[in-house]
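Going by the order they are written in, the chains are A, B, C and D; count residues from 1 in each one.
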Amino acid sequence: MGLTIGVDIGGTKIAAGVVDEEGSILETCKVPTPRTPEGVVDAIADAVRTVSTGHDIEAVGIGAAGYVDDKRATVLFAPNINWRHEALKDKVEQRVGLPVVVENDANAAAWGEYRFGAGQGHDDVVCITLGTGLGGGIIIGGKLHRGRFGVAAEFGHIRVVPDGLLCGCGSQGCWEQYASGRALVRYAKQRANATPENAQVLLGLGDGTPEGIQGKHISDAARQGDPVAIDSFRELARWAGAGLADLASLFDPSAFIVGGGVSDEGDLVLDPIRKSFRRWLVGNQWRPHAQVLAAQLGGKAGLVGAADLARQG
Amino acid sequence: MGLTIGVDIGGTKIAAGVVDEEGSILETCKVPTPRTPEGVVDAIADAVRTVSTGHDIEAVGIGAAGYVDDKRATVLFAPNINWRHEALKDKVEQRVGLPVVVENDANAAAWGEYRFGAGQGHDDVVCITLGTGLGGGIIIGGKLHRGRFGVAAEFGHIRVVPDGLLCGCGSQGCWEQYASGRALVRYAKQRANATPENAQVLLGLGDGTPEGIQGKHISDAARQGDPVAIDSFRELARWAGAGLADLASLFDPSAFIVGGGVSDEGDLVLDPIRKSFRRWLVGNQWRPHAQVLAAQLGGKAGLVGAADLARQG
Amino acid sequence: MGLTIGVDIGGTKIAAGVVDEEGSILETCKVPTPRTPEGVVDAIADAVRTVSTGHDIEAVGIGAAGYVDDKRATVLFAPNINWRHEALKDKVEQRVGLPVVVENDANAAAWGEYRFGAGQGHDDVVCITLGTGLGGGIIIGGKLHRGRFGVAAEFGHIRVVPDGLLCGCGSQGCWEQYASGRALVRYAKQRANATPENAQVLLGLGDGTPEGIQGKHISDAARQGDPVAIDSFRELARWAGAGLADLASLFDPSAFIVGGGVSDEGDLVLDPIRKSFRRWLVGNQWRPHAQVLAAQLGGKAGLVGAADLARQG
Amino acid sequence: MGLTIGVDIGGTKIAAGVVDEEGSILETCKVPTPRTPEGVVDAIADAVRTVSTGHDIEAVGIGAAGYVDDKRATVLFAPNINWRHEALKDKVEQRVGLPVVVENDANAAAWGEYRFGAGQGHDDVVCITLGTGLGGGIIIGGKLHRGRFGVAAEFGHIRVVPDGLLCGCGSQGCWEQYASGRALVRYAKQRANATPENAQVLLGLGDGTPEGIQGKHISDAARQGDPVAIDSFRELARWAGAGLADLASLFDPSAFIVGGGVSDEGDLVLDPIRKSFRRWLVGNQWRPHAQVLAAQLGGKAGLVGAADLARQG
């Protein structure tokens, strides 16, 4: 009893899982993400039915990239799927006959980490997810901070460089252009291009050209001491840590949780982020410092978090 | 009955006032701010006693610049008065025999505006105060957001220009170096120096030199059509509005309230701020927009807010 | 007698012309630019032969985008045509039987303006060309400044914004990303997207969408008072003028000449550039100011300049 | 025979020396710099007379900080001494009865290095001097590039960060705020303040506080492996090298010479500058690279250069 289903809609896969009150996943399934909005709704319903079999399910929580309205019912805008004011809650409820809650995927992941991961024991937590882009979620006083219109915590798009890099959102200088997996690869390519003599390990892991550098090469090369790879992580950390310092000035949480593929590297990336955070934290001698913690749930945070949000109703 | 006292500790004056449940000030007094920490405590106690006469007071709320701890008792650090871990609540309680609450002054002002000023009817409000510097406060779900350690909402010190202007806090590129009364004067001086032919009204209001330009000259000159004065307000607004757009991405409030001396100019400064806000608001076609409102309580917001916070306990 | 031929190799057209000692073009022809390096050489030779007929030609000057070596013989790298260490001088000389000089196209245009256009009467001139990108040339003491390796005056790629916009050159924050025709269009699109109510004339000249805005719409709309179009020119001018101020600190010429498509708008764009130049000119009270002049030869500057450089040998 | 005198006017000392045609100093004297403009003229005349004794002197060259006019006669503006349109050449000639040439001090130093120091064998050289501030000089085709009005090569005040640090010149974001001895000390103080645990050697060399850090401590600490000291040099080098890359795009010299107190550290600072230069050099695969050389004459470059410029007439 007390089971709910979490659904995580990714760009290529939709994952659904049955989750219990302790955040354990009892059953799971994955299907490819269809191309059409209607196809996605069908796929969600199918996945929910598949994992439901043999379980007594109370509710369904769906995590989706994009803006979700304040009623947690409608996706106002999704960057990947062509959803514009899509009444996702109603459509899925009609098909699966269970109460449905829709949440921004990064919010759902933040909630998962707060409840069952690195955030346990903290009431005020800010999570950032350094994936391809940069997302995140905010917990204040043990509650998910959704904002008045449901679209809070869009960390990736605060402006950190006036007149800076163009962003897919149409603006310039957005944080995710400087602190994300994509940024890391750009740093490595630029440096390998300028000083290939310092990137021999890194270049050797790929096809030998700066253009062929991929994220995993950078981690591997950094562990082997490649100067360009290490410097690329340091540059990422400079921007990530400086941004966390800003978030500390605004939110003053007791802990930051850093998740996403980049953070899988653990202290290789977290230590320089911590150092940069302290470097830029205003008033750092006069205030208690938030901890900077590695996420614990990996790619499952969103699914587990969505399921738990559905339970909370 | 139901009366509390609010105390606002400024750089030159300490103001105390008796405030009722509707936020009306029944009585008030001002004394110069002493130079020593102990002197300030004495002056607060004196002022409280002075305005108390003939009133039945329940509690005292004090607004002070600086970091106030999460128990609202100790000033961790004050920029103007030499307070370092000053147990202000205890000291004042011992002298006045009433329950005391200490709050950051910008938080108190934000609370005042939320309860009795421009924020009425909103539950999620972000206030910024464009005074000499830039401060502010955050209301989430009808509650003041103080942060885990009491030091949230330090808006003035988020970094908006990497490697930017030095700030009194020791960091560089802080928002208040670009959006504040001091920044406005700098903009006007630089422009008047470079193109005095476009600043004739402005220069005529002072001593004729760029160095002699003061804040009030800029407002007056702008109303008279002085190009440099107008351009200086526009530059201020560019930075203020862009910062509000970032805060919308993070907090997603239903309203922003803009207070402080600069905002006394009303739509002269608010309209360009609104325009800049819309210009930089990410996803502005797909999301509801927060309103950008002028503060209503002027310089009394802090006193009224501190008094009300004391009432709430 | 005293005739030379100038050849201007553009992205879509190759223009050749017979030019006399006064810089007058006696004859001209245009052919499409072939796709292959060898095709371009053939086309140049054909064009030279075509316009030569009936004239006594002394030499040929070729202006080409890219790096040209210090012997003015080899194109080290061309961005548009696939030339890498192309011995253009030798190849063309073999085909046309005349002495050939190769020059960077922006250098040739600068020389044309210096000799027969806006630069007459000046010995120290810096030209910038605001076309699709930003190029230019430098005249010092009446001589073209080519640099030790032939690749001086690459104005478009000095860094004006650290961590700024990506440039086709692989770097970030290059001046031409902020001061060029392409930048102007970007400014207009961003502003029209954010505040369409201020871009009604501008949008009406195109297809009604921000994406549909073209350069010529912006000029026309600015002349009709469209706020977004005017503001876009002002933004361009901010960056162009600030860059000229830097060049004044370095080169200290007696005049700047501003050419390229953007400058066809004359004082609409030149006046704000002059204002921004004065604004940012360091020590502007203590030093004589260079004039900021509009180019006079339009699109013919490169051809005329190349012809004259060939005459000088 | 063939002897001239060079005079170097510093903020605290005036140095004069007799220099032969090989750039050797035969005799020298130093006097404190007087406070008044007239006092400085007297002191120059006295120093010239003192070192002249027993030598047959042809001419005198004076190097002074500030703008010197195109006739090399009048100091238009000096930052340290209160000279405004000071006819220095005439005044000194009247007192010493010898032909006098006045030159900007950084230009004189550049000329000294070009003729007798690191620049020998090069015809196109750009020198930068990383002292308290950032100055420099330009040699093109074996001639000092003075500019049309005499005020070229003011490297320190090109803008490298829009809206950046305030500069003494009244502008913002000037290169010398990021690449100079003063900048180096700022970097070290900021880092030592944020992460004192990484600055133990550095702090130990001074009074133990970040405020007490001086330039020489940083060099010593860097040689001993102090992380903050090393990182401070690296930050300086990032900005210095990026600026040299811009100068290469503009001037395309065959060599850069880096002088000034900071460069006394040799490869400790030059190697990271070279690396940063290559990193930011646009088109670095397609163009010959200028060398980045350490200055050889130290603090005597200005005196020797001024003397030689006087000889050239």
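Criterion: a residue touches a chain if its C-beta (ideal position, glycine included) is under 8 Å from a C-beta of that chain, and two chains touch if they have at least 3 such contacts.
What you are looking at is a predicted structure, and each value in this text was computed from that prediction instead of being measured.
**Student:** Between chain A and chain B, two copies of one chain sequence, what rotation angle (nearest 5 degrees) aligns their Cα atoms?
**Tutor:** 180
**Student:** Would you mind checking which chain's C-alpha centre is most distant from the centre of chain A?
**Tutor:** D
**Student:** Mind checking the centre-to-centre distance between chain C and chain D? Centres are C-alpha means, answer in whole Å.
**Tutor:** Comparing mean C-alpha positions, chain D is 34 Å from chain C.
**Student:** Between chain A and chain D, what's the gap in Å when you average each chain's C-alpha atoms?
**Tutor:** The separation of the two C-alpha centroids amounts to 50 Å.
**Student:** Take the average of all CA coordinates in chain B, do the same for chain D, and state the distance between these two points in whole angstrom.
**Tutor:** Roughly 46 Å, centre to centre.
**Student:** Mind pulling the residue numbers of chain C that touch at least two other chains?
**Tutor:** 161-163, 170, 190, 280
**Student:** Provide the residue numbers of chain A that touch chain B in the complex, in ascending order.
**Tutor:** 67, 76-77, 84, 122-124, 138, 140-141, 143, 145-155, 157-162, 169-171, 174, 242, 245-247, 249-254, 280, 282-283, 286-288, 290
**Student:** Mind listing the chain B positions that touch chain C in their complex?
**Tutor:** Chain B reaches chain C through residues 162-163, 190-191, 194-195, 275, 278-281, 284.
**Student:** Would you pull the chain B residues touching chain D in the complex into a rising list?
**Tutor:** 161-166, 170, 172, 178, 190, 193
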